[in-house]
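Once you've had a glance at the structure underneath, I'll fire off some questions.
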Amino acid sequence: MGNYILRRIGQTLIVLVCVSLVAFFLIRLAPGSPAVLLLGDGATDEQIAAKEAELGLDKPLYVQYFRYIAGVFRGDLGMSTQYRMPVSDLIANRLPNTLRLAFFTVLLGLALCIPLGIVAGSHRGTAIDFFAMFFALLGQSMATIWIAVLNVYVFSVVLGWLPAVGTGTWAHYVLPVVTLGYPLAAETTRIGRSGMIDTLNEDFITATHAKGIRPSVVHWKYAFKNAVCPVITLVGMRLGAFLAGAIVVESIYSWPGIGQLLKTSVGNRDYQLVQSLLLLSAFLFALVNLLVDIINSLIDPRIVLE
Amino acid sequence: MEQLLEIKDLRVQFKTERATSNALNGVTLSIGKGESLGLVGETGAGKTTTALSILRLLPDAARILDGSITFDGQNVFDMTGAGNDLSSRQYKKLLEKQGISETEMRKIRGNKIAMIFQNPLTALNPVFTVGEQIAMVLRVHRGMGKREAMEYAGKLLEQVGIASYRVKDYPGQFSGGMRQRVGIAAGIACNPELLIADEPTTALDVTIQAQILELMKQLQTQHKTSLLMITHNLGIISELCQKVAVMYGGQIIEYGTVDAVFRDPLHPYTRGLLGALPNLEGDRERLVAIPGKIADPQNLPNGCYFNPRCEHKCAVCESKQPEMIKISDDHFVACFQAKGGV
Amino acid sequence: MKKLICLLLAMLIMASMLVGCGGNSSSDKTDGWSGEPAADAGTDAKEPAAETGGEGGSEGGSKVVSIAISENLFDLDPLNSNSMPARVNTFNVYEPLMEFDHKGTSGEFTYCLATEHSVDDTGCVWTFKLREGVKFHNGEDFNADDVVCTFQRLVDDPSLSCANQFWPYLESVEKIDDYTVSIKTSQPYAATLISVCYTPIIPNEAYAELGADLFINGAMYGTGPWIFDEWVDGAYTHYYKNPDYWNKENYDPYYDEMYTRYILESSSALAAHLSGEVDAYVPANGIDTGLLSQYEGRDDITLTSIDTGTFNYFGFNCANGAFADINCRMAFEYALDRQLICDTIYGGAAKVPNSVVMDCVPGYDPTLEPYEYDPELAKEYLAKSSYDGHEIVLYSSTGLNLSEEAMLACSEMLNAVGFNTSVSIVEGATFTTIRKEGNYEVFYINDMTVGGDISKYIAQKITGDSHKHGLKDEKLMELATGILLTIDPDERAEISKEYARYTREIAAPHSIMAQFNCTYAIDNDVTGIDLWTDGTYGFKYVDHV
């Protein structure tokens, strides 16, 4: 296991280097100089040139790149041009919000999809199966932004039960988590259900019944474990995306996470911030993937990590 | 001798969107305490369906049309005269009403009646340890705690010839033969009165087969368990069983002690089966194959199901179904052409 | 082994969540969410807002007001406030030497940190007497050293937005005595007092110690009625009342705390207002006309509409391309039905001004004839011009409200008279670059008459030519410079009128399209929010009825 983790870390490093290169060059391809955007309308050409020199943008590209990478290794992610604050501080301020949103979303998703998937799969064709599939279809069909706006309208404006924007109390978490968690639960329910159906067709399930085990135990304990790996994998993928920042939800609910940060920093050509955010997202994604693989290998002994 | 298991005139039909399959068409047999019965027949004859019926574990697509099964005096079910035009809810109700409750049935499964499945590669849950799959029976039926059950599972593994420390291993870490032993260990864990072995050695090679059979013989001697041995291998039957029932087209067509039936097979099919065995001594003769294909449960012929392949058939065979007739105390056969009958 | 890994993983996950939870204690504040339902949304029931608790969370008796604005704050540096959120933040905490009503050079000026002022004959030396007994929030005394420190910073770093927007001619600052300073400009800049009102005074001792890090670390020490508490990026800024404010007699706010909430999404801000989480919604450029209907039936909220000096205009490239030819420009002017666009696309929330010297700035000439819509005349001009029929791209920015709709309409109108136009709405940063490099023939964007005066507009875009219009008309430049450097208000007004007339005559470098009416929504019981006619606003004096 230890060797495996080391190898994965090595792979991740390679991925991060590639991502850093892509991020570095891609953001510079977009027209617009950060100096111009920073100084605004009144700046003279000399002032702009001076600012660009200050930001190190007059140096050749490879020098800028290596300076950045060297900084990353030292833990210095550079200075944001819009905020004039260290990038690491900015990210540190916002990342916890994104992490918490992602965490609770995954929690809600799993809490919904596991029971629904198991019950729907083991009671195929019954009313509860129909309800579960309807629930899943609805969740997959509705666009996240629509769910978000609808939630705000119904629960904040009309009913006044929950706050529309911001973060702070547990009440602030409800709408954003539901907005992201419901579609997640919807798609994972389908996967869980079909996994259950496939599993229940296996001989060993009949054998388990033949041992006199109660059906609920057969489904929830013995069949479930076989069906759960694809669910974990899918949740992992979605979690990776959430960690990169769920932009729609962050915008609608004014949730100060890193998704919003990425959006504004691209718009303002804040090179250092964009590069670091993309690097961070790639890193988090790789971490989540590793986690998913480890968890799956612990659940299913046939999955051998090597 | 009071019969431990009695199956009377069991008829089971499988209905899917595509076709209706008459799997069992009037199966009658019984097993006494301590007795071992071999159920022989080709693939598709209905042997596994019989086994699952005993445990009341037929899949949802199956319908019991008629018949009853009694075990140890308890009425597993009695669907005499049920017919095939019940709605699924009516069917379920009738099934439970005319027999013991599901809760009672669960107390029997794995406990009084245990089953060993055919394919050891698929009969064990790959994500649970073998110990867990044996221990679960112990926890449910013997009320053992987790640790106790695991320890006992280890002992059971020793009994079937596997080192006890391997309770923590997963099925994937065992060969086919060893997995089957695990299956057997789980089967005998609660000292069942009846052990149903559904082709336990079919998926294994010959040398392993021999070991498994040795094992089963041992256990039989030790625990005096009744055995329903389902197989298409006549050699196994002659090794292990006292009685034999030959199944064709979902019916028992010949029945009796192994001695009587093997020495003097009366039904053309049984004769064909025995004739199909290669002769190791004497002249190497050509193997005699039974011409034709096995009866298709979706499309059964009129009269005796074997008649299309039978070289002795006559007019009545094509129109009427033969009844089981007694040749002697130890020998029964269902055939119009059988000697000593009619 | 496996169990150990499981345990480690679980601990790792939990730890990261806890770090998240613990690290940002500020985000646990409820800023406005009192958990109480909104005042009956959409019904006719009249409930005085005070009873429903709609005025933000009232925990433990602390009275809190929350105001939502539509942009994010990036930079706390008071001398680098080049966005609305930044200006709002700066002027809550810091104060300038003088304040005014944002009605340009002929507006009403009052003294704030200064007590009197005078200007010498050259119009270049401005002397201010300073108020005594004022303290900064960190206890420092306010005196001439602070003013010198502030202005010296502007002299040393002209790239600071306060410098490059308001002080094009700042030369030096001098301390006369502890409570007297003089500021010297290289030219007699007419809008100097306006610029003074836009220059917040920073504490020199704190600044000497930490420099600009002062602001990065959130050590915002001003003299104003609100003390800066914290800024949560992307969420809000929190202030609490300054108990020792020097002007307490005249302004002692009812509220103990204020939050400015940054809610970028307009529908979300609206929802937050309707549900009671904020007490006012004051977005840049006003609330979208399409969303105003949501406020119907809410008798506890007042909608205030202001005719502002926020305007949209077309900028021509007068050096290269089709519009170097005046006939082309004239054709363009007559081809557009501006009133129609204001009525339909801007939903009546805009009107057509007769030039950039609008009705809210000094020098407005109501007798100047308005833009006319005459497609036949346009065709005539186009025929006379040297336009060769090549495709002209109308550039605008995605950041400008309804830019695509407006450009498509204009394109239709222009094509109808014989132009061959297409529309390109590009992202904000790209647009800025195109404009900065002069890579366009015509663009459409907005601006504001900041301070109620067009001096910033003239300095940056006309004489400064920051958008490379390339116009080399001597008369126009002379008039423009005149507007910048004429101190006498009457003379200046005359020059402005002349400028307006002349820029219409040559239809260059800009063609004004629309002047906007901005609507803001404020709870009835909240007062003191300054909504100025230049389209900007301030929350410094927010109060309760």
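To keep things simple, chains are lettered A, B and C as they appear, and every chain counts its residues starting from 1.
Simple rule for what comes next: a contact is a pair of C-beta atoms (placed from the backbone, for glycine too) under 8 Å apart; a residue touches a chain by one contact, two chains touch by 3 or more.
These numbers were taken from a predicted model, which means no experiment stands behind them.
Peer 1: So which one's got more C-beta contacts, A-B or A-C?
Peer 2: Of A-B and A-C, it is A-C that has more C-beta pairs in contact.
Peer 1: Taking each chain's centre as the average of its Cα atoms, which chain lies closest to the overall Cα centroid?
Peer 2: The most central chain, going by mean C-alpha position, is A.
Peer 1: In whole angstrom, what separates the CA-based centres of chain B and chain C?
Peer 2: 88
Peer 1: When the centre of a chain is set as the mean of its C-alpha atoms, what distance in Å lies between chain A and chain B?
Peer 2: A distance of 53 Å separates the two centres.
Peer 1: What whole-number Å value describes the gap between the mean CA coordinates of chain A and chain C?
Peer 2: Once rounded, the distance between the two centres reads 36 Å.
Peer 1: List, in ascending order, every residue of chain B touching at least 2 other chains.
Peer 2: Chain B, residues with two or more chain partners: not present.
Peer 1: Report the residues of chain A in contact with chain C in the complex, numbered from low to high.
Peer 2: 1, 30-33, 36-37, 39-44, 47, 50-51, 82-85, 90, 92-97, 99-100, 103, 149, 152-153, 156-161, 163-169, 171-172, 251-254, 256-257, 260-261, 264, 267-269, 291, 294-295, 298
Peer 1: Please give the residue numbers of chain B that touch chain A in the complex, ascending.
Peer 2: 52, 55, 57, 106-111, 114-115, 117, 119, 122-128, 133, 136-137, 140-141, 170, 172, 183, 186
Peer 1: So in the complex, the part of chain C that touches chain A is made up of which residues?
Peer 2: 1-2, 5-6, 9, 13, 16-17, 19-21, 23-24, 27-33, 35-38, 41-42, 72, 74-75, 77, 80, 82, 158-159, 161, 164-165, 168, 212, 216, 232-236, 261-265, 267-269, 271-272, 274-277, 294, 427-430, 432-434, 436, 456, 459-461, 464, 466-467
Peer 1: Where on chain A does chain B make contact in their complex?
Peer 2: Within the complex, chain A contacts chain B at residues 202-214, 222, 225-226, 299-302.
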